[in-house]
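Scroll down for the structure; my scribbles are underneath it.
The chains carry the letters A, B, C and D, assigned in the order they are written, with residues numbered from 1 in each.
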Amino acid sequence: MFEAVAFYLFAFLTIAMFYIVVTTKQALYALTALAAGMIFISAFFFILGAEFLGAIQIIVYTGAVMALYAFGMMFFDTTRDVKEAQGNKFIITGLATLAAVLVVLIVSAPIISENITAYYPALPEVGNTQEVGMVLFTKYLVPFEVAAVMLLVAMIAGIVLAGKKMDLSITLMNDAEIHDMKIDQKLDQHKKVLS
Amino acid sequence: MEIYLYLALFSPLVGSLFAALFTTKSKTLVAGVVPSLLLFTSFVSSSILLVHILNGGAPVHVEMMTWMATGDLYIPFGFVVDQVSVTMMMVVTIVSTVVHVYSIGYMDHDKSFNRFFAWLSAFVFSMLILVMSDNYAGLFIGWEGVGLCSWGLIGFWFHKESASWAANEAFIMNRIADLGMLIGIFLVYWNTGSLQYDHVFEAFKGLDVDTLALIGIFLFIGAMGKSAQFPLHTWLADAMEGPTPVSALIHAATMVTAGVYLVVRSNELYSLIPEIGLFIASLGAFVAIFAASMALVNRDMKRIIAYSTLSQLGYMFAAAGLGAYWVALFHLMAHAFFKALLFLGAGNVMHAMHDELDPFKMGGLGKTMKATMVMMTLASVALAGLFPLAGFFSKDAILEAAFVEHHYVIYSVLLFTAGLTAFYSFRLVALIFHGEERYTLFGIHPHEAYKFMLVAMSPLLLLAIIAGSLKMTYFEMVTAILPDIEYHIHSHVTFWIMTIGTQLFVVIAILYAYKKYTTIGMNVPDGTSETENTFMYKLLKNQYYIPYAYDEYIVKPYTKLSALFWTEIDQKVVDATVDGIAGVIYDSGEQTRDMQDGNLSTMLRWMVIGTIALLILAVMFGLTARYAHVLG
Amino acid sequence: MVDHILSILIFFPALAGMFGFMINKDSIRAYGVAVGVIEFALSLLLWFWFDGGVAGMQFMEQIPLLPSFGINYILGVDGISLFIIVLSAFITMIGIASLTETPNVKNMIVTLLFLQMTMVGVFSALDGIVFYVFWELSLVPMLYIIGAWGGPLRIYASIKFFLYTFAGSLVMLVGMLFMAYFYYQATGEWSFAILDWYRLILPENLQLWLFLAFFLGFAIKVPMFPFHTWLPYAHGQAPTIGSVILAAILLKMGTYAFIRFSLPMFPDASVALMTPIAIIAIIMIIYTAMVAFAQKDVKQVVAYSSISHMGVIIIGTFALNVEGISGSVFLMIAHGVVSGALFLLVGVIYDRRHTKLMSEFGGLAHVMPRYATIFGLMLMASVGLPLTINFVGEFLSLLGFYQQSHILTLLAGTAIIVGAIYMLAAYKKMFFGDVTKEENKNLPDVNKRELLALIPLSIITIWLGIYPKPVLEPINKSAEAIVQLMHDKSITDEAKMRIPSPLNKAQTSQTSSEGAH
Amino acid sequence: MEIGLNHYLVLSTILFAIGLVGVMRRKNLLLLFFATEILLNSVNIAFAAISHYYGDLTGQMFAFFVIAIAASEVAVGLGLLIVWYKRHGNIDLDTMSTMRG
C-alpha cells in the first residue's frame, strides 16, 4: 500500500515537473523544475531498491549537472521569454505518443512472453551498493574504465570549449605580456562593437 | 605464264602508286608517262596471255595468298586467266592505254595532272582484279575498287559542286546495288560453302531452282548498279561531270560493262534459271529503248553519248539474258572500242570549244577538226551498226539471237532502238561537224587536238573498224567455256530480208538525222517550237522526271527524316527519357532537401519520424516472428 | 616474365603513371611516349609468345584474393582478347604521341596511363569481380579526361557518361553476384572465375534473366539503341585523345563482354533473344546513320557513325557462328583503328580552326591535300571498302548473320549504303567545293607529329585489309572454341540447331573441300 | 493495489513522451538539453524497474552508464553552447542552419 501511494505520488510529481520543464517560457523555472524532477526520479530508484543508483542520481544530476546548467545559464540571457518552435502541436504530441506506445510495446513484449532470464541475479543477502560494486568491477570493468575516460575527455573538452585563451599561461607570462594581451582583448571587443 | 599474269595485273598498281607520289607536287610529265608505259606493259602481257589462250593453252590459274579464312570460309587472292577474262583484259588494257596516252594531252593544262593519273591507273588495277579474280569475293574487291576510283574521277574537279555531287551520287547508288551483290555472295557461300567459281558452279547443279533464282536475282541487282540499269541508271548521265577521258574509259568502255561481265561469268548459274534470264533480257531491251529515247532530245554532247552507252548496255544484257553470252561479250568488246573513240573525239571537241557541251552551239567544226570528224563519224557508224564496222557484227548477232530464241517483242524493241541509235548518233555528228558555224556567235576559235592524241586514238579507230572480222576467232576461243550456241536463221530468205531491212532502216534514220540537223537556218530548240511543248518532248527532256522523282521522293525525305530523327527522336524522345529519369531522381532530391533545412527542430522531428518508422518495423518483425506458426 | 606478362602489362603503365607525377613538366611528354612504346612493345611480345594454335586461355595467372568467396585474381588471354589488348596499347601510344599542347599535360598523360591499366585489365581479367573492378575503374580516368579537358558542356557530358554507364554496370554486378550464387548452389563452392561459370548449365528462364542483367551493363557501354545518347555528348565534349580512346577501346568493352560472358554463359538465352537484339542492332545501324547524316558537327558525325558500326559488331556477335564471331572481333579491332584515326583527323582540323562545324570548312582538299588523302582513306575504310580493315570485319559479320536470318541481314547490310551516305556527305562538305572561308585559305597541312600518329594507322588499315590472316587466325581458333562450347552447353533444341558445332562442320567441309580439289 | 513492472513502464513512456515533445518544440538550445535529460531519465526508470522485477543488475548497470554519458554530454554540450553564444549572441536553433542541405 505504501509502495502504491509512493509510486502514484512521485509519478504525479515527476510528470508535473517535467511537464513544466517542456512548457514553461522561463528558463529559470525550467531549471528548477528539472532539478525537482530529478530528485523525484531518485525516489523511484529508492522504491525499486536501487539505492546506489538513487544516490548517484541525486549527486550527479541534482548536484553536478544542475550546477553545471546553472553556471551555464549565467552566460545567457535568462530573463527573456523563451521562443518555441513553430509547428503543429498535435503532430508533435501525436508523434511523441506514438513513439512512446511503440517503445512500450517493444519493451513489454518479451516481458509478457516471460522468456527472459536474469544474467546477473541480485543476491538477496548483500546490499544493493555492494552488489552494484561487485558487478561493476567484474563484468563491467572495461566499460566502467571507458566511461571514466569519457568523463575525463568531456571535462577537458568542456573546459577547453568554454575557457578562453587556454593556449596561454598567465602564470608563465610577465606583466608586459599580460598587459599587451589585455589591450588586444579590448581591441577585439572594440572591433566586435564596430562590426 | 604466271609472270605475265602478275605483270598484267600489278603494272597499273605500280603506275598508280608512282603517280600518287607526286599528287601534292605540281604537274610533272613523268607522272603521266610512267603509268602509261606501265599500262603498255600490262597490255603486252595481256596480249601474250591472249596468244597463249588462243593457241589452246590451259587457263592460267594462280593463288597468290590467303585473304580471309575463318570457320569454313576460305577466300584466297586467286586469279584466273581464261577465255572470258583474257577478252576483258584485252579490252581494258587497250582502252586504258589509249586513254592514258590521250590524257597526257587532254589534262595538259590541269594542275591536278598527277592526281589524275594516280586515280586512272588505280582504276585499271581495280578493273583487272574484277575481271581476273577467280572468286566472287575477289570480284567484289574489284567491284568496289572501280566504284571508288569512279568516285574519285567523277569528282576529280571537286571544286565544282555538280562534280562532287555526281561523284557521291554514283558511289551511293552503286552501293545500293552492291548490297544486292553482297547478299548474293552470302547466298552463294551458305549454299555452296565456297566462293571459288569452279567450286561454286559445280555446286549450283545440285541446288533447287528457287535458291538459284534468288542468287541470280541478287547478283543481278549488283550488276544493275554497276551497269546503270533502270532504275539505278541516273548516276551514269551525271557521271559525265568527270573529265572526258574518264568518261571514255570508265563510263563507256570498262566499268559499266562489269555488270555484263558478271552475268557472263556466272553463265552457268543463269543457264539454270532461264526465267531470270528472260527478265534480264526484257529489262535490257527496255533500258535500250528507254535510254535511246532520252538521247534523242538531249542538248549535252557527253550526256547523249552516255545515254547511248546505257542503251548499248541494254543490248548486252538482252543478249546475256537470252543465253547468248558470247554475243553479249562480243558486243561489250566492240562497244568498248567505238564508244571510247566517240568519247575521246568528244573530248577533242570540248577542248576546241572551251568545254562547251551544247552541240547546238557548235556546227561546222568539220572544217577545222578533220581528223576528229572522221574518227567520230566512223565511231558513230560503228555504233549505228552499219556494215562492215564492228557494231554491225555484234549488234546484228544480238538481234538474230533474239529472233532465233523467238522473243519477237524483244527483237522488235531492239530493232527499233537500232534506228533511234542511228538517229541520235548522227544528230550529234551533224550538229557538231556540219551545218552552220554557230560557234562564231560565241567568239570561239576552235583548233584541232595535239597530234599524239590523235595518234593515240588511232588503235581504237582501227579496232572499231576491224573488230567485226575477229568475230569467228573470238567465237572459237570463248566458246571453250561459254555455251557455244550459234544463232543462225535457218531460212536464208528471212536472214537476208532481216539484215538488209535493218541496214536500210538504219541508213534512213541516219539520213533523216543528217538532213534535219544540217539544213541552214534550222531552228535551235529554245522552248518555243511546237514539238518542244509536247508532253513527250518534255518527258524525254526531263529524263522521264526520274532524277526529279529521286530527288523529291527519296533524297529530300531522307534528309528530312534524318533531321527529324536527330532533333525530334534522338534529342526529344530518347535522350529526353534518359534525362527525364535523371531529372526525376534529381527533383526528388530537390524536394526532399527541405528535410535537411539545417534547422535542428525540423531535423529532430524527422529523426523522431524515422525512429517511429524503425520501431514500427521492429514491431512488425516481432509480430510476424511470433505468429509465424499461426500464419503458416 | 612469360608467366607474368599480363600482370606486367596491366600494372606497368599504372606504376609508370605514378612515377609520372615526379617527372618534370617539360619532359613528361617524352616520358609518356616512352612508357607507351614500352607498353606496346610488351604487348607485341605477348602476341609473339602467344600460341596461335591453342584455342583456350594462355598466360594464366592466379592469385587468391578472397578464396572463401571464390574471388581470385585470375588473368588470361585468348585469341579474342589478345588483339584488343595489343590495340589498346597501340592506340594509347599513338594517342600520347599525338597529344597536342594542352594545359596540365602531365595530368593528362598520367590519366592516360591509368586508363591504359584499366583497359588491359578489363580485357585480360578472367574473374568476374576483377573484371568488374577494372570495368568500373576505367570510368574514372575517362570522367576526368572529359571533365577536365573537354568542351563547354564537359561537366554535363562527363557526368552523364559516368552515371549512365555506372548505372548499367551496377545491374551487371548484381547479375554477377547472382551467377556466383547459382554456382554456389550448384557446386557448394563460391566462384567468380569466368571459366568456372562457363561450365555451369543453367535452366532457360534463369539464363534469360541473367542475360538481361548482363545485357543492360554491356548495352549501355556499347552503346546500343536506345541507350546511346551519352556517347554523342561524351564525344562532342571530350578532347581528341579522349574521343580516340573512348571510340577505339572503351566501346569495345561492351561487345567484348558479350562474347566473353553472355554468349558462352547463356547460349539458350542468346538464341532466344537473338532476333530482338538483331532488330535493335539494325535500328542502331540505320537510325544512327541517319542521325549522323543530319549532324552539323563533323565530330558528331564520327561519333554517331561509331554507334552505327557497333551495330554491325553486335550483328556479327549474335550470328552465333564462327564466321560471325570472328568477324565481329575483327571488326572491333578494325573499328578501333579507323574510328581512332577519324577522331585524330577531326582533332587535326580542330587544332587549326577550333571549330568542328562542317559549314565552317569546304574546299579543304585544295589547301590540305595530304590531310584530305588520309581522311579519304579512313573514310573509305569506315565505309567498308574491300582491302581496308573494316571490310573484312563487316563482310564476315554480315556473312555470319546471314545464316541466321536473311531478311535481317539484308536490313543490316544497308549499313554499307547509309554509311556511305553520311560519310560522303560529310567529306563533300568539308573537302570539296571552293575554299569559301578566308580563314581556311592558309591552313597548314598535317605536320610531322600528326603524320607520326596517322601513318601507322593508315598502314594498319590497309595491311590488315589485304592480309588479315595473322590476326584472323587466332581469333578464329578462339571463336571456334566458344561456338563449340555454346553448342555443347545449349539445352533447347532451337539453340542446338541455331548454333552449329564447328567440329562437325569442319569435318564435313574437310571432306567436301577434298572432293573439290 | 500492487505496483507492477507495467506501471513503471507506463510512467517511463509518459516521461519519454514529454521529453520527446520537449525535444521537438523547444527552440532554445538550453531547454532542448533539458528535454534530452528527461528522455534519458525516463529510460533510466525503465531500466531500474526491469532490473528490480527480474532481479538482474544489468539494468542498473545500464542506467549507471546512461548517467555517466548524460553527465559528459552536458559538459561538452554546455561548452559548445557557450562558444556559440559568445560568437552569435544567442542560442536560438533557427540561427543554426549552416547545415542546410
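Methods note: a residue touches a chain if its C-beta (ideal position, glycine included) is under 8 Å from a C-beta of that chain, and two chains touch if they have at least 3 such contacts.
Being a predicted model, the structure only gives us computed values, none of them experimental.
Between the contact lists of chain C and chain D, the overlap consists of B.
Of all chains shown, the one whose average CA position lies nearest the global CA mean is C. Our note on geometry: chain A versus chain B, Cα centroid distance of 97 Å, whole angstroms. With centres taken as mean Cα positions, chain D sits 93 Å from chain B.
Between the CA-based centres of chain A and chain C the separation comes to 66 Å, rounded to the whole angstrom. Work out the mean CA point of chain B and of chain C, and you get 35 Å between them. Chain contacts: chain A has residues 85, 87, 92, 95-96, 99, 103 touching two or more partner chains. Each of residues 601, 605, 608 in chain B touches at least two other chains.
Across the assembly, chain C contributes no residue that touches 2 or more other chains.
Every pair of chains meeting the touch criterion is listed here: A-B, A-D, B-C, B-D. Interface of chain D with chain A (complex): residues 1-3, 5-11, 13-22, 24-28, 30-31, 33-35, 37-38, 41, 44-46, 48-52, 54-58, 60-61, 63-65, 67-76, 78-83, 85-86, 91-93.
Interface of chain B with chain C (complex): residues 23-24, 65-74, 137, 140-141, 144-145, 148, 151, 155, 158-159, 161, 163-165, 168, 171-172, 175-176, 178-179, 182-183, 185-187, 189-190, 193-194, 196, 198-199, 202, 558-559, 561-563, 565-567, 569-570, 574-575, 577-578, 582.
Per the touch definition, chain C reaches chain B in the complex via residues 160, 163-164, 225-230, 287, 290-291, 293-295, 321-323, 326-327, 363, 365-366, 369-370, 373, 380, 385-387, 391-392, 395-396, 398-400, 402-403, 406, 409-410, 413-414, 416-417, 420-421, 424-425, 428, 431-434, 445, 466-469, 472-473, 475-476, 479-480, 502, 505-506, 509, 512-513, 516.
Against chain B, the residues of chain D that register as touching in their complex are 20, 23-27, 29, 32, 93-94, 96-101. Residue ranges on chain A touching chain B, taken from their complex, read 85, 87, 91-92, 95-96, 98-99, 102-103, 105-106, 109, 113.
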